[in-house]
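Per-chain residue numbering starts at 1, and chain names A, B and C are given in the order in which the chains are listed.
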Amino acid sequence: MDRPDLTDAISRLRRASPLIHNITNYVVMNTTANALLAIGASPAMVHAEEEVAEFVPLAGALVVNIGTLSPSWLSAMDRAAGAAAEAGVPWVLDPVAVGATPYRTAAAVSLSRRRPAVIRGNASEILALAGDPEAVPKGPDSTSDSSAAREAARRLARDLETVVAVTGEVDYVTDGARMVAIANGHRLLTRVTGMGCTATALVGAFLGAGLSAYEAATAGLAALGVAAEAAALRASGPGSFQVALMDALHGLDDEALARRARLS
Amino acid sequence: MDRPDLTDAISRLRRASPLIHNITNYVVMNTTANALLAIGASPAMVHAEEEVAEFVPLAGALVVNIGTLSPSWLSAMDRAAGAAAEAGVPWVLDPVAVGATPYRTAAAVSLSRRRPAVIRGNASEILALAGDPEAVPKGPDSTSDSSAAREAARRLARDLETVVAVTGEVDYVTDGARMVAIANGHRLLTRVTGMGCTATALVGAFLGAGLSAYEAATAGLAALGVAAEAAALRASGPGSFQVALMDALHGLDDEALARRARLS
Amino acid sequence: MDRPDLTDAISRLRRASPLIHNITNYVVMNTTANALLAIGASPAMVHAEEEVAEFVPLAGALVVNIGTLSPSWLSAMDRAAGAAAEAGVPWVLDPVAVGATPYRTAAAVSLSRRRPAVIRGNASEILALAGDPEAVPKGPDSTSDSSAAREAARRLARDLETVVAVTGEVDYVTDGARMVAIANGHRLLTRVTGMGCTATALVGAFLGAGLSAYEAATAGLAALGVAAEAAALRASGPGSFQVALMDALHGLDDEALARRARLS
């Protein structure tokens, strides 16, 4: 059975209210912090090399996102990954726009080998991270369909002994052996910046609540997809969609997730 | 009489439209700039060591917030505090998550001794800054009730000859002798990131309009609390609450503040 | 005829969906990315010196905005401008708050000489960049009327062989010879942070879609102004205005732009 049990995922998260340590990009810091608060977690954005190693052990999970990369941030990510391993704090990697430049690719590949519990990317990113020659990066937006990256994701998960999540019109989560598809979401998700980063942050929230990597990745993507569908009903464009999405994440409960998540 | 007179606080602010210089964290730059514009001030976010000292004297007040700290930002904060003292520009300190790491604590303690007009924090932060052993930091969110930090706030205000504001379900403002409680606000404030930072920025706006530190701290917290109550009436979650809050800050006037602020 | 033909500007942009490389300020990264997505472009925020030169050639246009300046960002901007010249990628410069400090002025003047296709600023900024002694900077907000900067804009455009756009109650676009006025917009644009930066980003989007500099500058400002008018009808303050503005940019089409843009 490849479909993880998410019966009490939301209520476990709300009870735990885990502190989620984010080293993420400037573009989405505000919006992913708000998504984490809306779903019931407690976000902190801390990036200084001087303090990340001491902050990581306070957290339930760590989110590392290379969107707006620079050398000092990369050092901090590296240090945080080490502290996470030492303290047993699970972490999730978002290799934003990997493949676009050699600098970015080297950073993403190096971090992916530091034992993240989950890697979340779009099809182009997962193909690039898996070294697929068909990967055609175009900034943070994908040029490929998520199904095209399914096998690359499975291989990557096996090679790195991690869980890989590919997001797109349909999302896929795999631990190398099992694979689950999540057919939720809405096309307005592609017209608001940082929705992939938000998916990654939500995966971090469920990791912090104590779910396994495979469960947490599925729960994070399903929660975002289900909330997006509810938000789209109240939206007249990407602006009102983003507002309604935060309301919908806040209003989500176990029952709604179970009823509306389309896993297969 | 510990209740400051806020009769014309809003109209004074709108008439002055003070330039507020912010050295603040990445997470809230956009939202605190918008809150400052909504209430009637003119925000600038300037952090380079190369220019802060020349920018501070142009401003009516300075806001220093250590949320996403790093060495070059800390140097800029230090330099800006010096320039503020020299130019007679009042400033407000937000010691975000002080107590969470030694680096952060050292930074906050050092800045708190540079004569800020106001220090604004949640209960955990004020307890940590006052050196209270009961302070239990959990990232930027407080683990203590604001009333638990009242005496620490009073002592800190006396020791540092400043005004200290503790925010929480009830807010407290003290100059070491006087103390006023502000019983406004809404629980959705805890589900949107940076609302404490927004409180601090609003205090900066009133400082920039020429109010005394004690008045400005009270006015900033009361304005946010009253606006939050109005916003909650139109909100169906944290997303729509944040939008309505900006509208409410913009719509606030002297009469509404006087009628709705619950000071005691 | 100074009025450029914008008949199919929006549909060209949507068909091209150009990747827009932004090196911009922390305050607006999220909101300008969202504006670019709403209008139909694909934004990327990339600032590391280590990768900007390799990223620029992937993009349809580059946006350089000095809002929150620091030395490493300035180096990256410089490097990106060089890469843009080499790769034939048009770029737009936003000299935020030029004139406020010597550091900022030197940076803006230096970048303005690197052959941007368009420079977009408010009246104070254009006056300061043109070396006008009447420029009175007040942070990022203008202290002068846009018409006061019309002649400075024309002179600057001629001297630098570029297109200069001055925004304000009425916007002006000039290539040194031609000049067009755009009488769209709404006063709430001045109560939301980063609306000037959004104008600049939209100019970048139209540059990336292959419009000439003069057309792109006019289209970007007209699109924002027309969308702002639509948004204001649904807004009850700056918060709801900003949300409605994103919806309106997303809903804009050739027909609406042609009918509502007031060019002369």
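Just so it is clear, contacts are C-beta pairs under 8 Å (C-beta built on N, C-alpha and C of every residue); 3 or more make two chains touch, one makes a residue touch a chain.
Small disclaimer: the values here were computed from a predicted structure and weren't measured.
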Quiz prompt | Required minimum of steps from subunit A to subunit C, each step between chains that touch | solution = 1
Quiz prompt | Rotation in the CA alignment of subunit B with subunit C, degrees, nearest 5 | solution = 120
Quiz item: Over half shared or under half: which fits the residue numbers at the contact of copies subunit A and subunit B, same or different?
Solution: different
Quiz item: subunit A to subunit B: how many Å between their CA centres?
Solution: 32
Quiz item: Taking each residue of subunit A in turn, which ones touch at least two of the other chains?
Solution: 26, 30, 242-243
Practice problem: Provide the residue numbers of subunit C that touch subunit B in the complex, in ascending order. | Solution: 25-28, 30-31, 67-71, 97, 100-104, 137-141, 190-194, 235-240, 242-243
Exercise. Flag every residue of subunit C that touches subunit A in the complex, lowest number first.
Key: 19, 21, 26, 29-30, 33-34, 37-38, 42-48, 50-51, 54-55, 58-59, 72, 242-251
